[in-house]
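Two complexes, one shared chain (chain A), two partners (chain B, chain C).
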Partner chain A sequence: MAERKPIRWHIAVFLAPAVAVYTAIMIVPLFATLNLSLFNLVDGVKSFVGLDNFRTLFGDPRWSASFWNALGNNAWFFVVHMLVQNPIGVALAALLSSPRLRMAAFYRTAIFIPTILSFVIVGFVWKLILSPIWGIAPGMLDAVGLKALFAPWLGKEAYALTTLALISVWQFVGIPMMLIYAALLSIPDEVLEAAEMDGVTGASQFWKIKLPLILPSIGIISILTFVGNFNAFDLIYVSQGALAGPNYATDILGTFLYRTFFGFQLQLGDPHMGASIATAMFLIILAGVSVYLFAIQTRLRRYQF
Partner chain B sequence: MTTRTLTMALLASTLLTGAAQAQDVTLTIESWRNDDLTIWQDKIIPAFEAENPGIKVVFSPSAPAEYNAVLNSKLDAGSAGDLITCRPFDASLELYNKGKLADLTDLEAMANFSPVARSGWSTDDAAHTFCVPMASVIHGFIYNKDAFTALGIEVPKTEAEFFAALDKIKADGTYIPMAMGTNDQWEAATMGYNNIGPNYWKGEDGRLALIAGTQKLTDEDWVAPYRQLAKWKDYLGDGFEAQTYPDSQNLFTLGRAAIYPAGSWEISGFRAQADFEMGAFYPPVPAAGDDCYISDHTDIAIGMNAASPNAEAARTFLNWVGTSDFASLYSNALPGFFSLSNEPVTLDDPLAQEFASWRGTCKSTIRSTYQILSRGTPNLENETWNASANVIRGTETPEDAAKRLQEGLASWYAPQQ
Partner chain C sequence: MSQARTSTRRTIAAHAVLITYTLIALFPVFVVVINSFKSRKAIFSEPLALPSASTFDAVGYRTVLEQGDFLLYFQNSLTVTVASLFFVLLFGAMAAFALSEYRFRGNLLMGLYLALGIMIPIRLGTVAILQMMVAGGLVNTLTALILVYTAQGLPLAVFILSEFMRGVSDDLKSAGRIDGLSEYRIFFTLVLPLIRPAMATVAVFTMIPIWNDLWFPLILAPAESSKTVTLGSQVFIGQFVTNWNAVLAALSLAILPVLVLYLAFSRQLIRGITAGAVK
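Showing the complex of A and B:
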């Protein structure tokens, strides 16, 4: 009789705390939310309605208009981050990793500090800076003779969302910078020396040698930005309120969810429709992450040193 | 021997006071007005306790934003206080329907309140009232008296005079004619639309007709206030689109703006901040000789926890809240929150007295969107914020805004379909 392997209990024991905590605070609430979205009040009684909430969300002209508006705004919010935050983050990291730069540690810290500030502070400070009444922005533009360019950006439908996205970029540019900076430092000197021997220096060294080596990090940053942006809520809520003015121009999925789920002013909360929106958000993020994991990450070439 | 007698006497007195205290009933008040804690502790509660020995009252407020949630969970858990401060309309109605608030229709003090005052805390058919109205806030315009004197402007009575005054202030250039922004949106609806609107829709007549479905938001009476709001744009400060509510308050109290579309709750704050003389006028009527209407909005009331073990004492307290003693105590301690009682009250603050005096000259109504009409989705109150801000910014015409609101209301409210 072959000797049976003893059951390795210690694996289960060591995993148990993490699994238990993760299940209790992540998995159970997630499924509870998904479940809640399948119910609604029918004549005052909570009953199973299948996908009716989603039919309302996508089929009812008002609900769907709000939803698509929020999704479109959210997409734009993400695009601004991808086009502004990440390239600037990469550029800053490239500058910081340059051996000739003095006071690199100071710049690194200074640029990273906004990231650790609370949204409330960031929203409030920028509102003050951009305030047409007390703000320093109109004064500074006036000093260089560009007063005509000033507009009450946060109050204009055309500019408000982009302004908020740029504020968010200002706050979070430190994160891609740090990640890319770490990736750049991990490139072995041998590789760079070999490149120099072959005459690849300066900018072309960055484009041809370093950039391909940090692409996986850029991929990770993109996906972090995607998840972060589609879950965003705080900055908009702090600076524009739950109604995400002007005229819902800054309404993103997070604020739309908040208004629906918890209610606002005279509007009573509707947990069932709120859960439906949360489910839709979850599926959007899941789809985005899946596209990245299966279509992009598997094709990225990795280099082992 | 002497020592012993003394000890006995002391013991006896301890026992006696103990017995006296045991008969005392302690009532706890749930409230969101944590700003008013000292006023309750120093003025209101001592006055009640002096008149009603044997009843002790504790005022225990929670943060305004959390109040509804905290109260609901306390009521469900059975740990809520005996007296409940009531939000107006649906929030309290829901508590009454769930049996959490006691029916107070037969309370003697209810006779002191008009049907409009009771509407915020009555069932839709007005058959049952479940909270004693405490205070309302009145809308109007507060102005800088120094500015009006310097520019030789009389207090405007009609819309034409109002815009003439604004033009004059604008032409002079010393002051921003009117301090209001659209960033936070609610001022546009609350201090804009619902402030000037009652003059057009004839107060309660229009409001009740809208609820009954005999008038529509697209009727001239309901679009006209938007037409006036659309004209406000030219008189607001630079960059009003991004101006917040505190910005507007500061502009006015710093003396940079001449007129402030206001709610009476601003009075005590403005008293503390502004160092110029302030006056107030009610919303100018469309044409000379028209009746004036004011938004005298029911804001705060007090009811009884249906599960309270001290119902008798709680009713005593609620009856006292309906007296003119309480009315004058409360209204003077909190200028700008006016008692809803029919009993006359004299106010020491002249600005508050000015606001209160309009009740004699104008007819009172409440905000049009609060009763019944904000129960569905889209929510009429929230939509009105958005529409009013859009109209002031000039991004939506008054007619389009009214049409959109009407369609939204008709989509769920049967009498409007």
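Showing the complex of A and C:
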């Protein structure tokens, strides 16, 4: 009879610290939050209420109006990123990766700088620039004769959210740029040489050869953008406050969660409704990630070089 | 010959686009930094002018240094970031080694479990994390932040590091085993030094979000003694919102440390991204 293999304790020792911290601080609280959304205070006692919190969230006109407003704003926030940030990122990466481009390292480093700044800096810097009092933005528009176009963008309900989304695009365009740049560099020279032999160069080379090859990276960027946007909070909080003014026009799920959980002004914080909103966000993000993993990623063709 | 001309024209166009975008990226930072050195009057009358001898004024910096406890905030941020980074790298590398080196039942499952955190943000568990920290008496301590950031950083660290560890030569490890080294010695003396470049990449990726985070300091550690630089400058700016000199100086001071860190590590960061972690 073969001797049983001794237990390899070192595997457990190597895994234990990471698994313990990760489970205790991340996984357990996540499920505790999901669980907490099924409870509420009934006559001052915490009791199980099933899906009642969600009934309130979606059924009560006051709650559901706030929720749908935040979700709609969040969706628009995401759309702006997908339509502006990612195409600009791809375009910059395509330019950067063109062969024998001088100063590429400088451009790359400089364009990535906004990404490393904290939201506090970004939020206030843009608030100052767009401020009608200080007047850098109106002054600059005046210089090119477009002063009439200026409006206090962050203060107008119609523009505030789009303005903030564009600020966020300004900040994060470096991420798609870097990832696509890496993907473009990993395309082997033989493929590009073969294309050149066939007379496919310049723009058509980009559309016909490179773009299909970097589609998987674009997929990863899209899902990262999705998760990041539906989890965003800081920029709105820093520039518009927890009330996400003007008149909740810039309220997204993150600020809505913060206000509900911690309360603001006269409204008291409500951990149970907060947990319900966090659960809704969890389900939205999970749905997005699943769509990506099962519907998009499996269909993207990957090329092995 | 005509081909050469179009390629020159294309290069010029590429530079023009890239320079334009570089200006857009750097302009706001530039505006803040130059104006932080000017007098209040000059800030308003000539916002785009460089500070000159007549407009130079460091009153903003004096206000920041006198009013805010920035030295303490800076120290807090540094403690939190360095400690979290240390634990993320150590625990992450250990787990990555276990996952990539040994075959055991549940290996794949464990890998997936740890990778879950890359996609699901830790913020969604905030409600329960706060309750836990209250129960453990850790509210307003740096320990709470270090724990949270360690958990937050681990999934990506394990993922990237195990990719790299698969590339470490087996011969080397076998030679170590024949020489009678324990598995721990093999990890700490043979493998760790070899994956240093990957560790640097993970360090940069982990460090930036920790240094810049506002959510957890705001919720778990808002007390004066445990404020981080990010939260401290947010609160300071909120209080001094009409004192433009002070606001601009605070912003410049907050930009400086990340900028220095980034420029020091940027080569490493780019090498790490382009090394094929994302393909």
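Here are some notes:
The rule we apply is simple: the second predicted complex is superposed on the first by the 290 of 305 C-alpha atoms of A that agree within 3 Å, B and C clash if a C-alpha of one lies under 4 Å from a C-alpha of the other, contacts with A are read in each partner's own complex, and residues count from 1 in each chain.
We adopt the following convention: a residue touches a chain if its C-beta (ideal position, glycine included) is under 8 Å from a C-beta of that chain, and two chains touch if they have at least 3 such contacts.
Since the structure is predicted, the reported quantities are computational estimates derived from the model, not experimental observations.
When the two structures are aligned on the shared chain, A:W134 is found in touch with chain B and with chain C.
In the superposition on chain A, A:R62 contacts chain B only, with no contact to chain C.
In the superposition on chain A, A:V19 contacts chain C only, with no contact to chain B. Within the superposed three-chain model, A:V45 lies out of touch with both chain B and chain C [touch as defined at top].
Judged by the number of chain A residues each one touches, C leads among chain B and chain C. In the superposition on chain A, A:Q265 contacts chain B only, with no contact to chain C.
In the superposition on chain A, A:L243 contacts chain B only, with no contact to chain C.
Overlap of the chain B and chain C contact sets on chain A: residues 134.
The residues of chain A lying in touch with chain B in their complex are 62-63, 127, 130-134, 138, 151-157, 240-241, 243, 245-248, 264-268, 270, 273. Chain C meets chain A in the complex at residues 10-11, 14-15, 17-19, 21-22, 24-26, 28-29, 31-32, 43-44, 47-48, 87, 90-92, 94-95, 97-99, 102, 104, 110, 114, 116-117, 119-129, 131-132, 147-148, 150-152, 154-155, 158, 182-184, 187, 208, 211-215, 219, 230, 233-234, 237, 244, 247-248, 251, 254-255, 258-259, 261-263, 266, 270, 273-274, 276, 278-279.
Listed in rising order, the residues of chain B touching chain A in the complex are 89-90, 181-186, 237-244, 247, 251, 369-370, 374-375, 377-379, 381-382, 385-386, 389-390, 393, 395-396, 408, 411. Taken in their complex, chain A has these residues touching chain C: 8, 10-11, 13-15, 17-19, 21-22, 24-30, 32-33, 36, 88, 91-92, 95-96, 98, 101-103, 105-122, 124-126, 128-129, 134-136, 139, 170, 173-174, 178-179, 181-183, 185-186, 202, 216-217, 220, 223, 227, 231, 233-234, 237-238, 254, 257, 261-262, 271, 274-275, 278, 281-282, 285-286, 289.
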